[in-house]
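Worksheet: one structure, shown below.
Labels run A, B, C, D, E, F, G and H following the written order; every chain starts at residue 1.
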Amino acid sequence: MEHSIVIAGFGGQGVLFAGQLLAYAGMDSGRHVTWIPSYGPEMRGGTANCTVVISDEPVGAPIVSRPKIVIALNLPSFEKYEPLVREGGLLVVNSAIVGARTAREEIEAVYVPANTIAEEAGSSKMLNVAAVGAMLGRRSVLSVEEVEEALRNHLPESKGHLLEANVEVLRRGYTLAAKTVAA
Amino acid sequence: MEHSIVIAGFGGQGVLFAGQLLAYAGMDSGRHVTWIPSYGPEMRGGTANCTVVISDEPVGAPIVSRPKIVIALNLPSFEKYEPLVREGGLLVVNSAIVGARTAREEIEAVYVPANTIAEEAGSSKMLNVAAVGAMLGRRSVLSVEEVEEALRNHLPESKGHLLEANVEVLRRGYTLAAKTVAA
Amino acid sequence: MPKQLLKGNVAFAEAAIRAGCEAYFGYPITPQTELLEHMSKRMIELGRTFLQAESEVAAINMVYGAAAAGVRAMTSSSSPGISLMQEGFSYIAGSEVPAVVVDVMRGGPGLGNIQPSQGDYNQVTKSAGHGDFHALVLAPSTVQEAIDLMGAAFDLADQYRTLVIVAADGAIGQMMEPAELPPMRPLPKRRPEWALTGASGRKPNIVNSLYLGAAKLETVNQRLQEKLERIEANEIRYEADGVEDADLVVVAFGTAARVAQTAVQSMRRDGLRVGLFRPITLWPFPERQLKAIAARSKGFLVAEMNAGQMLQDVRAVTGSDFPVRFFGRMGGIIPMPEEIEQAAREFLAQTLTAGAPAGPDGGNGSRR
Amino acid sequence: MPKQLLKGNVAFAEAAIRAGCEAYFGYPITPQTELLEHMSKRMIELGRTFLQAESEVAAINMVYGAAAAGVRAMTSSSSPGISLMQEGFSYIAGSEVPAVVVDVMRGGPGLGNIQPSQGDYNQVTKSAGHGDFHALVLAPSTVQEAIDLMGAAFDLADQYRTLVIVAADGAIGQMMEPAELPPMRPLPKRRPEWALTGASGRKPNIVNSLYLGAAKLETVNQRLQEKLERIEANEIRYEADGVEDADLVVVAFGTAARVAQTAVQSMRRDGLRVGLFRPITLWPFPERQLKAIAARSKGFLVAEMNAGQMLQDVRAVTGSDFPVRFFGRMGGIIPMPEEIEQAAREFLAQTLTAGAPAGPDGGNGSRR
Amino acid sequence: MVTAQMIDTIQEEVTYERPSALADVHTHYCPGCTHGTAHRLVAEVIDELSIQERTILVASVGCSVFAFNYFNVDACEAAHGRAPAMATGLKRVNPESVVFTYQGDGDLASIGAAEILHAAARGEQITVIFINNAIYGMTGGQMAPTTLIGQTTTSSPFGRDDQQTGQPLHMAELLAQLPGTAYSVRRSLHDARHVIQARRAIKTGFEAQLQGLGFSIVELLSSCPTNWGMTPSEALEWVAEKMVPVYPLEDFKVVEELQGRRRGRR
Amino acid sequence: MVTAQMIDTIQEEVTYERPSALADVHTHYCPGCTHGTAHRLVAEVIDELSIQERTILVASVGCSVFAFNYFNVDACEAAHGRAPAMATGLKRVNPESVVFTYQGDGDLASIGAAEILHAAARGEQITVIFINNAIYGMTGGQMAPTTLIGQTTTSSPFGRDDQQTGQPLHMAELLAQLPGTAYSVRRSLHDARHVIQARRAIKTGFEAQLQGLGFSIVELLSSCPTNWGMTPSEALEWVAEKMVPVYPLEDFKVVEELQGRRRGRR
Amino acid sequence: MAKGRVVIDVERCKGCELCRDACPQDVLVLADELNSKGYRPVILLDPEHDCTGCALCATVCPEGCITVYREIPTKRSSRTTERKGRKRNAQAVA
Amino acid sequence: MAKGRVVIDVERCKGCELCRDACPQDVLVLADELNSKGYRPVILLDPEHDCTGCALCATVCPEGCITVYREIPTKRSSRTTERKGRKRNAQAVA
């Protein structure tokens, strides 16, 4: 089984770490993983994104034209990646700042107010983790426990004090998405 | 008919011009010619040489391993090129400063005191022309007239005042070699 | 060591350090920069030599100097920087000092862009600057292999006293993968006997590539050519997967190869007899091995992230009658598995089964 | 014009001037220097631009600038200097400005020596620095041809807006031969419409090779590749002498070719059926033409003043089963007609008449 | 709008508007990056001297790599560090044109040191706008020859150590030593007053070229909020407090002909 | 021999003999070329400081290209202009060694301008022997950045024109500007007195390195009889009369630590 | 004291706030809405009509997105605008 | 005044005559014979025994081919030579 996930948003939204979090979790749970960012000056001020592939076999292409899962944290990302989600795939939208909704029938979409969830837990900066949690609520790419474990092991020192808050945000995003009825 | 001539001596002995003189004469008389010098720092203080090929057909290789004619203006050149003269070929030696003589039977050698001939005509600097004249005395690669013509047309401006002297030296070398009995 | 999630550029750097690299000189350039940045921290911590050079020209000549002193020295850059190092490569080749260079290739020509590319293939394999030399060129396709080849690069450089270039594309440099680092190798106690360390108690050593006498320079070149032949005879590396029974073999290296891998697997799942041949040494190129495979299969699909550079080496092996097709993306675009799969399926359908020679499609096709 | 006795380097310079070269930037290096020296006198006399640059790197970028302004601009150098120009070549290629470079090759690698060599063959033909471009490479074998190709170089550069390299060895640069110079061409009244002359009464022009978007850069590269294909289709030049009935064809360029000519003639005098094939465009390489000849003859003897670089292109054409042998001298040694003749006679005697394939001798033989 | 009802029709004059030499596009610069300010000033000077139709920009490799899109003048993109060489080629065959390079400190002071030194030594008739932001911006904040001692960058993680890498290079001072240099000054972009002074210097730099007096360079202390990890205003404070003391804002060379005119101007 | 019968056995001391750091070979230099003099002086200093066994020479590309054969020390041959970079690589991994480059004016001031500038800027612990003969010797007498105005060379046939090529570069002065430079002086080799002063400067240059004070360079005005088209003594007169006025023989930078020692020496 | 106003091209504005720092009258504030680039632009908020048209904001703006107007008591032949300008501004922040 | 002499390695000498220019005593002259390199070397011609051993010639010699000796009235432990050295010279020019 191979999962391809694209996470995209503004520079400051923690897009790259969200991807690494999944990659760490995948690795620690014995899967094959790749993580690759967009890089270079086009990142300046603009949007950043990364692609994560989690698989039971060695990963070939680290990037995909039609990802199975897309996490869109801002409008430009929604507009860029919504059309690319593979049939039957999942689209996670940060409804806190993205008003748009997909018209595509053949994909599943879940709208979570990532910023809000994060703010409630202490800092909107954790919105990336909220979105990851939401994704896990609809697709068991990894178990929440595995990702929580990754958080505990790989959250940067500097963010140490926010660890428990992050874990909470992860679970909140998870449960919220888990009970949302798919659009 | 193709003639290959190597002229070699100290830097100051006018080796390169002697070669060009023959090349000009060859060209002006409608032959195919090439002239190629030794070049680069190995010339510093050391010996210089050039190879001239004069032929009725287009010239292939501008250099030859076994020249038909060698003009050796100093001892190092004698030692380097005497063994390379092709069987039946001609070796012209500047006997004014080269005491050595060839032991090779199968080549023709002519010993002319080039410096002396030149000095007598006004300046030892013309020793190169004297040697060329001597060569013409033994091998009709070109006629003396053709070379004389070349002198008149191509002697550098700066040497203008020495033109007639050069012509004289050319003829002196020629006649002297013409009557010398081949060694 | 347990596996760590490592970025290719960081993996290159840390692997070099553990392989005993004592001196790094480099100049920033995307997509290689994290390599230099990792060195700027770790080498200082370890009390080894790190210096950001004023340019790539200076960097390669600093490497030349440190290598002449007999330590394991390296630099890294990306395409335009590699162009600037050509003269230095030639001096290193002519002087026979061991040196390692990492080229994390980007899109060209000119300033081009910073996306992954394989556009330096010819520049790094066909000649080490002016003169008749070739660097030994290694092309990893995973972060783990980046680590392994980095160690090999230093060993080969020392063994043959030659220039080794590790050629990766921007994707290898930028991606993270789980990988295992080797333990730290102890630094050698002594310098090689030819090294410049001060002529104390011995005759002076000279590191030089100047031989004014043509005859002398020819002998030197003959020695260099013999060295290259030894390398060709002993150091060829490649990976072949499912080529035994294959009708069609995809030939690719680096990131293009791992993308092709995905395509090949999906086709094999559908029972198509497709294999993958991945050169790991780009110079020397695995000619014999590929020729043997050509004898068994019906056609080659060469996939590259350039206009078809390795393609020329493949065609030199197969000759122009053997069906060879090319699929390439340029400008920093990483080909998608689907694209390669489609090209392969078309090739299989149209040509190979029909058996008509596909020569004309190959090489001189619209993406030469 | 009557024939004059001209030195190759001077002929290059004067021919460039008469072809309308308006700007020369260069740096001294043996055996090319007389070219620069002639320019330093004549260009000033004519009120055109001559500037001795601080380095070859600066020289090629000055050429890039002058070419961007739409005038005929050139530089010249020898092997190590050409290595330093690789990045500039790539920028010129990517920006599609016309430029001409003369490479009077010397012995390498490294500082090597200053004697005649053909060791830059790969460096100038296989890639114009990083990226996927090739310069159009012209190789004269006489002083007259040096003059003629110089004019062609500027015309081709303008026609295709591309980089043209005239590749000669030190012998061509240093030797004197009778040759005829063309009349002085009048300088164009106007600059091309893409040139940088100040945006007066029009939208600004931009000369650039940067395209951050991979998709955009790929389209640019596709255009460049199509240009290269047009050049391959239309600009191949070569000379074939007595190849129709030849058992053995000697393949050589530049000075090696004229030496081979002497050898071939002497063999033909003895009734041996030997011909000569001389590529004049080294890139594009006359593949089709040579292939046709291979079909008719029994073997090729490739003669070069290097370790066998063009040899690889010849073998790519013939495939590895066709008998190809190599005779080369390195280190700045000009091969002697006798040597080539002997190699040819042995080849004829041992292999071709016997008919046994001589593959093994070729290419990977002791002088690869 | 609040402001709307308070004024009825009255005459107004435009006291500031975007210069026409500045292209009508959005730049890719980070918020608060003074590259943009420098661009604007150059464009204003081009307007003021009305030389837009004869000006040629040689952009360099750095964050300003897209400068060729940001000015309404003929432009080209040079190889990293080689802008002065490319400009030399252009100017020598276009003596009537006004040629200027726009270079960062990595480009000009590091890889391009030989080219800038020799362009100045030759007295090349070009104008150089030199952006000193003490760092390599485009590649993500590595050390530049202009980086301050102790300043941490992504390639000097423990702070720049002068024992290993020497002291910051003072290019304006150095190039002022060369006889070919007609004008070499340093200015800063950290506040309005200094921006106005910078603008004046840029104008003089171009005038030096217009009068054929030789090589001219204006070094501008500039900010890189992104790689310095500061807000735009913090970054400008850092310029004022940290950079200016190390990089004095002075005239290092002003040939006579220009001194005259400068007194003339307010 | 005439001189033979005049003296009977008496004691003698050797007041001068060929230094042992100088290899026992014949040089390829033209008669009267002061490259040879410079070599000898360096060798004398190496002997005096008894550092022969720790010294590494980085030869450059120029007439001194064979210098690696002329000294009894470890040596290498750098690419044209890159000797300071190569020396940097060597010195950084051999901190105990004494590393010096020997460079001509084309090598150091033209193609190698960036490398020498940055070696000095970094305060690289190397010593540079810089031979200024106002011309490119090895390639046959082309113009160098140090060529005098009006001087005709094979690439400035009408005499060097400062309008086109600028004024001669004064490297010793320029490099003295850099904080990393511990010692930068110019001396001349045109007569015995100046040769002795040159020797003293070379010694101080090496001492700067031995004390780890930073970058040191000794610029030596030198002759090129061959390409100047003069006899050896004419050439030395030309140095005295034409070059010295343009290239003052001064100390442009001498850090304190060295001034002390230098007073110490006679 | 002279009265003035500024028109800010909010689409070009990157919200760096350098103009705010430069403004002696404190009449520039961040808008509530983000522009299409995702930046929060600065707008003129000048209830007391304090803007003097000193153009210091425009002088420091890296994006060159500020146009400055100043009232002129006496008519001039100099280029003038009427409330149009104001309107532009009004729309701009709308 | 001190007496001295010089020994010139005539094979190394290139006859540039810079030593002659430098010699205050004018005791250096060009030899009649060329050396094997084709150069006319300088030799010591010192009938009046004027050489003071000042070593100025050696100081300027680019080829480092001059060794200088000076007589010492009182014996010293310093390294000394006898007429051997003189002989070398004699042979050199012979």
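The rule is simple: contacts are C-beta pairs under 8 Å (C-beta built on N, C-alpha and C of every residue); 3 or more make two chains touch, one makes a residue touch a chain.
Note that the structure is a prediction, hence the values are computed from the model and not measured.
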Neighbouring chains common to subunit G and subunit H, by label: none
By number of C-beta contact pairs, the top two chains: C-D
Euclidean distance of C-alpha centroids - subunit C vs subunit D, Å: 28
Subunit B-subunit H separation of Cα centroids, rounded to whole Å: 40
Interchain centroid distance [CA atoms averaged], subunit E/subunit H, Å: 64
Of all residues in subunit C, the ones touching two or more other chains: 30, 51, 54-55, 57, 80, 87, 91, 95, 110-111, 113-115, 208-210, 212
Residues of subunit A touching at least two other chains: 40-42, 45
Subunit E: positions in contact with at least two other chains: 29-31, 65, 77, 79, 110-111, 113-114, 117-118, 138, 145, 164-165
Residues of subunit C touching subunit D in the complex: 57, 79-80, 82-84, 86-87, 89-95, 105, 107-115, 119-120, 122-123, 126-133, 208-222, 224-226, 228-229, 232, 291, 306-307, 309, 312, 315-317, 319-321, 329-333, 364, 366-368
Subunit E to subunit F touching residues, read off their complex: 110-114, 117-118, 121-123, 145, 162-167, 169, 173-174, 177-180
Sites on subunit G touched by subunit E in the complex: 3-5, 11-12, 14-18, 21-22, 37, 39, 44-47, 49, 53, 55-56, 58-72, 75-76, 78-83, 85-86, 89-90, 93-94
Residues on subunit D engaged by subunit B in the complex (per definition of touch): 3, 5, 30-31, 113-115, 170-171, 174-178, 255, 258-263, 265, 334, 336-338
Complex contact set, residues of subunit C against subunit E: 27-30, 33, 36-37, 40-41, 44, 51-52, 54-56, 80, 110-111
